[in-house]
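Handing you a structure now.
Letters A, B, C and D mark the chains as written, and numbering starts fresh at 1 in each.
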Amino acid sequence: MTARRSVSLESDPLSPGQVMAHVQDDSAGAIDVFVGTTRRYTEGRETVELTYEAYETMAVAEMDRLADEACARWPLTGVAIHHRVGTVPVGEISVVIAVSSPHRAAALDACRFLIEGLKADVPIWKRERYADGSIEWVRPLG
Amino acid sequence: MTARRSVSLESDPLSPGQVMAHVQDDSAGAIDVFVGTTRRYTEGRETVELTYEAYETMAVAEMDRLADEACARWPLTGVAIHHRVGTVPVGEISVVIAVSSPHRAAALDACRFLIEGLKADVPIWKRERYADGSIEWVRPLG
Amino acid sequence: MSTSVTVRLFAALRERVGEDRVSVFLEGDASVRDLVEAVVRKHPEVAPFERYIRVAVNSRYVSGDSRVAAGDEVAFISPVSGG
Amino acid sequence: MSTSVTVRLFAALRERVGEDRVSVFLEGDASVRDLVEAVVRKHPEVAPFERYIRVAVNSRYVSGDSRVAAGDEVAFISPVSGG
C-alpha cells in the first residue's frame, strides 16, 4: 500500500488537526498523533521560549527517510511529520507526528519510532531562553 | 502531581482537538493522542457503519479506573478518554484518548496502556453493518 | 431465604435472550457462579456465552466466588469490542 | 591536487566559530576524517565538539571513511535537539 505522506518545516504555529488530516484514510482504523510542546519547567528552571534552528534541506530529507523506514516496517496508510522552526513560546507546539494504519499497534509503534528517530537524527537544534535571562543551546555536546 | 482528567461517552461526533485541549498543560512537553476510526474494509468486507452500545455507568467507571491506573504508573499531567456511542459512519471517530506528560515515553506508554485496557475491559460493544446488508455484533464469543 | 436477582444484558447477549434484563431466584448465600448457573437453567440460550461472560456487580468485575446481595446491580458482560 | 571544501555549521557550533560556514583545503583523495582534522587545525574552537560531530554529505550522514569530492555539500552536525 502507498501511504499518504506529508513532511515539512513550518514557521507558523502548527495545528494537530491539520497534520492529522494528512493521514486520514477510509482504510485506517487507528491514528496516533504525537505532539511536542514547549514545557514551562525543566528541573525547576522556568523556560520562556524555545528557538529551533534547522539545516532545512537535510532535515526534510531525514524526515522523509524516517517516513520511508516506518512505511517499510509497518503497514501504514499515512505518515505526517511537521516540525516548527523559529521561536516557539511556552505552551505552543514544536512538532506534530501523525501516523495512520488499519491496526492500532502499527500506528503506535510507528509513531514512537518516528519521534525517537527525529530526536536522534533530524538536524534541528533547540535554544532555550530561561526566565532568568540566560540563553542556552540544549546539550550541544550530547 | 494531580492530572487533569476527562472521561466521557458522547453521542455527537468527537473532536480530537477538543479532547486534546483537556490534557494541555504548561508542564507537559509531550501529548499523545490515539484516534480510533471506522474502517471501510476489514478482510475484504466493506463496512457501512458501526453502532456502539455501552453499559454506560460501568463504562465510565472502568474508563476512570484505567485513568487512575495510568496516573499511578506514569507521571502524567492529563488523561482524557472520550468514546462515542450510537451509530458511527465510515471515516468518523469512535474513540479519542489523549495523554500529556513532561516526558514523551510516559505519554506514549500510557496512551497504549489505555487503548489496550479499553479494548479489554470497558463494557462497550460494536455492531457492524456491512455493504452486503448483513449486521453482526463483533466477536460476541471472544 | 431466597433472593430475587436481576441481571442486565447488553448487545449480542441482550439480542439472544430478547430482553435487556432477566431475573432469577437464588437460595441463601449465593455466589456469582451460582447466579450464572441459575440464569443458564432458566434461559438455555445463554449457554453458548457462559464460558465467555464476565460478571459485574455495582459496575465492577467480580470473581465467581463473590457473593451477590439483594439490591446489587448485576450485569453479564460478554466479550467487549469498544475502541 | 588540492580541493577547497566548505563546511556548513549550525546552532552552537556556528555560534562557537562565529561563522555559518568554514572552508579548508584538502590534498588528494581526502576522507571525512581528514576533513574534520583539517577544520579543527584551522579552527581550534571546534575541538570540544570533535568527538560529537557527525558529518553529512549532500544531506546524508556518512562514515569517517567516506570520501569528499569537490562540489559536495558538507555539514558538521553537532548533537541534535529537535522535537
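Everything that follows uses one rule, which is that a residue touches a chain if its C-beta (ideal position, glycine included) is under 8 Å from a C-beta of that chain, and two chains touch if they have at least 3 such contacts.
The model shown is predicted, which means the values in this text are computed figures rather than measured ones.
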| item | value |
| --- | --- |
| Chain A to chain C, fewest steps along touching chains | 2 |
| Furthest chain, CA centroid comparison against chain B | D |
| Centroid spacing, where centroids are CA-atom means, of chain B and chain D in whole angstrom | 48 |
| Euclidean distance of C-alpha centroids - chain C vs chain D, Å | 72 |
| Inter-chain centre distance, chain A versus chain D - centres from mean C-alpha coordinates, in Å | 26 |
| Separation of chain A from chain B, taking each centre as the mean of its C-alpha atoms, in whole Å | 23 |
| Chain C, residues touching no fewer than two other chains | 83 |
| Touching two or more other chains - residue numbers and ranges from chain B | 36, 104, 115 |
| Which pairs of chains touch, using the document's own definition | A-B, A-D, B-C |
| Residue ranges of chain A touching chain D (in the complex, touch as defined) | 36, 52-55, 57-59, 61-62, 83, 94-95, 115, 118-127, 137-142 |
| Partner chain A, residues of chain B touching it in the complex | 16-17, 20, 24, 26-41, 90-91, 102, 104, 107-108, 111-112, 115 |
| Parts of chain D lying in touch with chain A, wherever the complex brings them together | 8, 10-13, 15, 48-49, 52, 56, 59-61, 75, 77-83 |
